[in-house]
Amino acid sequence: MAFEKYDFTPLTQSIHQGLSENLSPLLTTIIEWTIIGVLYLLFIAVFGLLLVYAERKVCAFFQQRLGPMRVGPWGLIQTIADFIKLLMKELITPKSVDKFLYNLAPFIVIIVPFLTISVIPFAPGLQALDFDIGIFFVTAVSSVGVIGVLLAGWASNNKYSLIGGMRSGAQIVSYELSVGMSLITMVIMAGTMQVSEIVELQRGGWFLFKGHIPAVIAFFVFVVAGTAETNRGPFDLAEAESELTAGFHTEYSGIKFAFFFLAEYINLFIVAAMATIVFLGGWMPFHFGGFESFNTIMDYIPGLVWFFMKVFAIIFLIMWFKWTFPRLRIDQILTLEWKYLLPINLFNILLMATMVLLGWHW
Amino acid sequence: MRSFINYIAEIFSGIWTLLTGMKVTAKYFFTPWKHVTQQYPENRDTLVMFERFRGEVIMPHNENNEHKCTGCGICEINCPNGSIEIITKSVVNEEGKKKRIIDQHIYHLAMCTFCNLCVKTCPSDAIVMAQTFEHAHWDRTTMTKVLNQPGSKIMDGVKE
Amino acid sequence: MTNEQLIEQLTSANPIADVKQGIQYPEITVSFNTLHAFMQNLKSDSNLAFDYLVCQSGVDYPTYMQVVYHLESTLHKHFLIVKVNTENRETPALDTVTDIWPTAEFHEREIYDLLGVKFNNHPDLRRLFLDDTWGFPLRKDYKDDIHVVER
Amino acid sequence: MAEIIEKIITTDEIKTDEYLVNMGPQHPSTHGVLRLLLKLEGEIVHNVEPHVGYIHSGIEKMTEALSYPQIPHLTDRMDYLSSHMNNEAVSLLVENALQVEVPERVKYIRTIFDELQRLASHQLWWCASGMDLGALTAFFYGLRDREDILDIFEETCGARLTLNYSVPGGVMFDIHPNFQRKVKAFIKKFRKILPEYDKLLTGNIIFQNRTRGVGILTKEDAIAYGVTGPTGRASGFSCDVRKHHPYSAYPYIKFDEKLGSDGDSFMRWKLRMDEMWESLNIIEQLIDNIPEGDYAVKMKGVIKLPEGEYYQRVETARGEFGVYVVSDGKKNPYRVKFRSPGFSNLFAINHIAKGWKIADLVAIMATFDLVIPDIDR
């Protein structure tokens, strides 16, 4: 197929071969790790800034404003300027905080996106880790972030932070369940947990269309639960500014605050990327059965572009939620999870299992 | 069974109310030409204030550097905040009579609440409200202004 | 109830009180030691039924403090002004009406704060706006050299 | 919901320590410098103690040194969202005390301004309480539409917020030639936008869950605490001064006093939305019929009120506003007391917020529509 020529496997393999021919295996591994680490670091920094800019513009357009316009053309350099400002700010450590935990929390929070991002295939061959339990790994690792949030809330020695941290804990622990279950629904359909396999299986059609009703329900649940898990509106209770001023990161300043901020946006990317991979076929182009010429044209668009187009579509959807809905109350959030999403999910797993068993999907 | 149907209906009606809300925001998102933002310092040239806008008290002078202020002090009495001070001086006119005229009409912009009472009560319409509104200053002393220009004198024919 | 009927009823019930038709509304001046019982009656008497305390203000006069109650009946829609003078100006004190109209709690705190009128039996008589060391600014003899500039 | 919370509070085994949290003086949802000292158990509010006075400006004391025409401009700064109604209260008081009959034109203009101001205030309330509940986009839509009213104000009286338009004896200026056309255009436009407000928030299921049944104020409590305005009317307390003690042009027009029954946050919300429709109706009845005539009667240079006590009540956007003036016959009043609606309304919050969560307290605060300088004066 045409899009195979956008495969990154030859590139990565030639780098690996070139390195291992000249260097010892240990050194090769170290250099490869370093390259990957630096690349991901850069990606997270740049993409985080891009997302912040996108959020500000999207939010502004929803609100009939223009958003940042002053720094650079259309305010493009605004987020970079903000980032420099955050870097230069004084790191204030309040007197009565638990120093060790207070300083540890932002690192735990920022580590999570680094871990999860490693299994995400951006394009054919562009994936750091290809586990056979990739999906499982993502769900397992992403719940580590809540520890950071709880630590930040506890160690800040601030009542608002504590309430924010506790809210966030209750919320994320609940919604982990829905995220996991909706992914399991799709794993039942795919029959594998390996991320690259799941993408490969969608060559003939995205799972959202292949799995029809249960897949659509699972997609809906995943997006809702994913929004909740990233602590974004309407589920932004942990930092509900009209109630708790800034919630768990009230006492943080400078780059430590930036870590929380960046982690939130990268988590947003990861949720969108997971939705893309599991439901919308990852880097697979959009194919419409029977329209061969249309499909060929679609194939000429590189996989990387497809992947980011889908990711941005989902990010836009999540931003749309945030800038439309009022915030839920903490008990309502838990009610939504335990009384609505969880039963729907359980029913949906049954439905999907029946469907797979009877071969009702395409 | 009925409660189950209610449960399902509740979910769908709930989602429907959410979608109507999203439709409203989407309508504005996809009509970016309807934005209401004015980019202020850039649009200075086109920005026109309404003619009654109360920005600052000024004393208009004509081309001969003449104003209409008689120095009666009614604006000073009527000002609720003490932002106007009238300093008068005595001069001897041609007929040899002593006459009190305005020396300095001092206006403390920083204390003014733009209530318009001075302009409204001025018997000779000597002071008016200007439409300027960029009153930010680095130094508070620059906000104390003398409204009558140096060397100005009273217009002919203004009733005293 | 019309104003005349109201005045008539109040006069017959309180012969010693000074009832008259004021400039706008009927007015009654009661003695400070009968205040609480009088107010209680105003609310509980079904013909009067003054259940809504619109406004409570304190006024500083040269020899006494006066507290003015603007009362309305949501049932009969009649309006009454009740005035009560304190015994003296140095240690002004009155009975509270908080138990009759809960809203009075904060109006009384405000009067205490700004005029220094003490209200007996008030559940929580603290200063409302100002701190404890401040004087009573609405008194006519209040002097503040720092914050008040006389012209 | 409330029963469950009640049960949780009264059950001993899950009782934890109470702790105090300062909400304010700098807090996004107190809309100014109001400080609420909350006694919380977990998220549940046990006691709300309002601490006011952070923006006390001593207006009552200042008025004792001012003449009557100078007082209205200070009342602008109390409830700055109902500044015209506050001006009008003082103007009406002086006119009634001097038995001055103002021209019909003045009455019409004042009433139209009252209702425009009420609309502007309710728009700001709508968007700010949307923001309190987490819907930030609502904030910008409300401000966008409020801008039209402020432009109309600015064109006629030269100010947007602190109007100082109504003065004893009439109004400061005659209406601008564009006034009627612009008001009619605004009404036409706003009639289309109001349903959008409902779509965005009122019908929204999250919003309904946040407000329905939250913070119920009964009619008896509303009367006892003197809670007036839309907040009181949502509880069924018929307290509309425009209806019961009509002033200016209100006797000439037909309008409904909207009354609620539930007294919960949603009812307070709904009532204000209904009031906006009603305000549009009132303006439509008046805008084409403004009689010709003077915009002010000539008052004496120095206004002296006859000795005595005067009380004037008007309906602002927040409730009943009263001015009590004791005059000793001089040009300055002897004592002025402003009965501000926010002051009485605020102190009912403790009564109804007990047992609800912090998020509900924010919803209650939002639907009470407090303006802090109005409370502190």
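Here the chain labels run A, B, C and D in written order, and each chain numbers its own residues starting at 1.
Note that a contact is a pair of C-beta atoms (placed from the backbone, for glycine too) under 8 Å apart; a residue touches a chain by one contact, two chains touch by 3 or more.
What you see is a predicted model, and the numbers here were worked out from it, not measured in a lab.
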I'd like the most central chain, judged by C-alpha centroids against the all-protein C-alpha centroid.
D
Averaging each chain's C-alpha atoms to get its centre, pick out the one most distant from chain B.
A
Could you work out how far the Cα centre of chain B sits from that of chain D, in whole Å?
25
Chain A to chain B: how many Å between their CA centres?
51
Dist(centroid_CA(chain B), centroid_CA(chain C)) in Å evaluates to 41
What residues in chain C touch two or more of the other chains?
none
Residues of chain B engaged with two or more neighbouring chains:
18, 21, 24-25, 28, 36
Can you list every residue of chain D that touches 2 or more other chains, as numbers and ranges?
137, 141, 144, 200-201, 204, 206
What topology does the chain touch graph have (line, ring, star, complete, other)?
other
Can you identify all of the chain pairs that touch?
A-B, A-D, B-D, C-D
Contact residues on chain B for chain A in the complex?
11, 18, 21-22, 24-26, 28-29, 32, 34-37, 39
What residues on chain A touch chain B, complex-wise?
58, 61-66, 69, 320-321, 323-325, 340, 344
Within their complex, chain B touches chain D through residues 13-14, 17-18, 20-21, 23-25, 28, 36, 50, 52-54, 78, 80, 113-117, 120, 129
Footprint of chain C on chain D - complex, ascending:
52-53, 56, 58, 60-61, 96-97, 223-226, 237-239, 244, 308-311, 313, 320, 322, 324, 326, 334-335, 337, 339, 343-344, 347-348, 351, 376
With touch defined as at the start, can you tell me which chain A residues reach chain D in the complex?
59, 62-65, 159-160, 163, 167, 233-234, 236-237, 240-245, 323-332
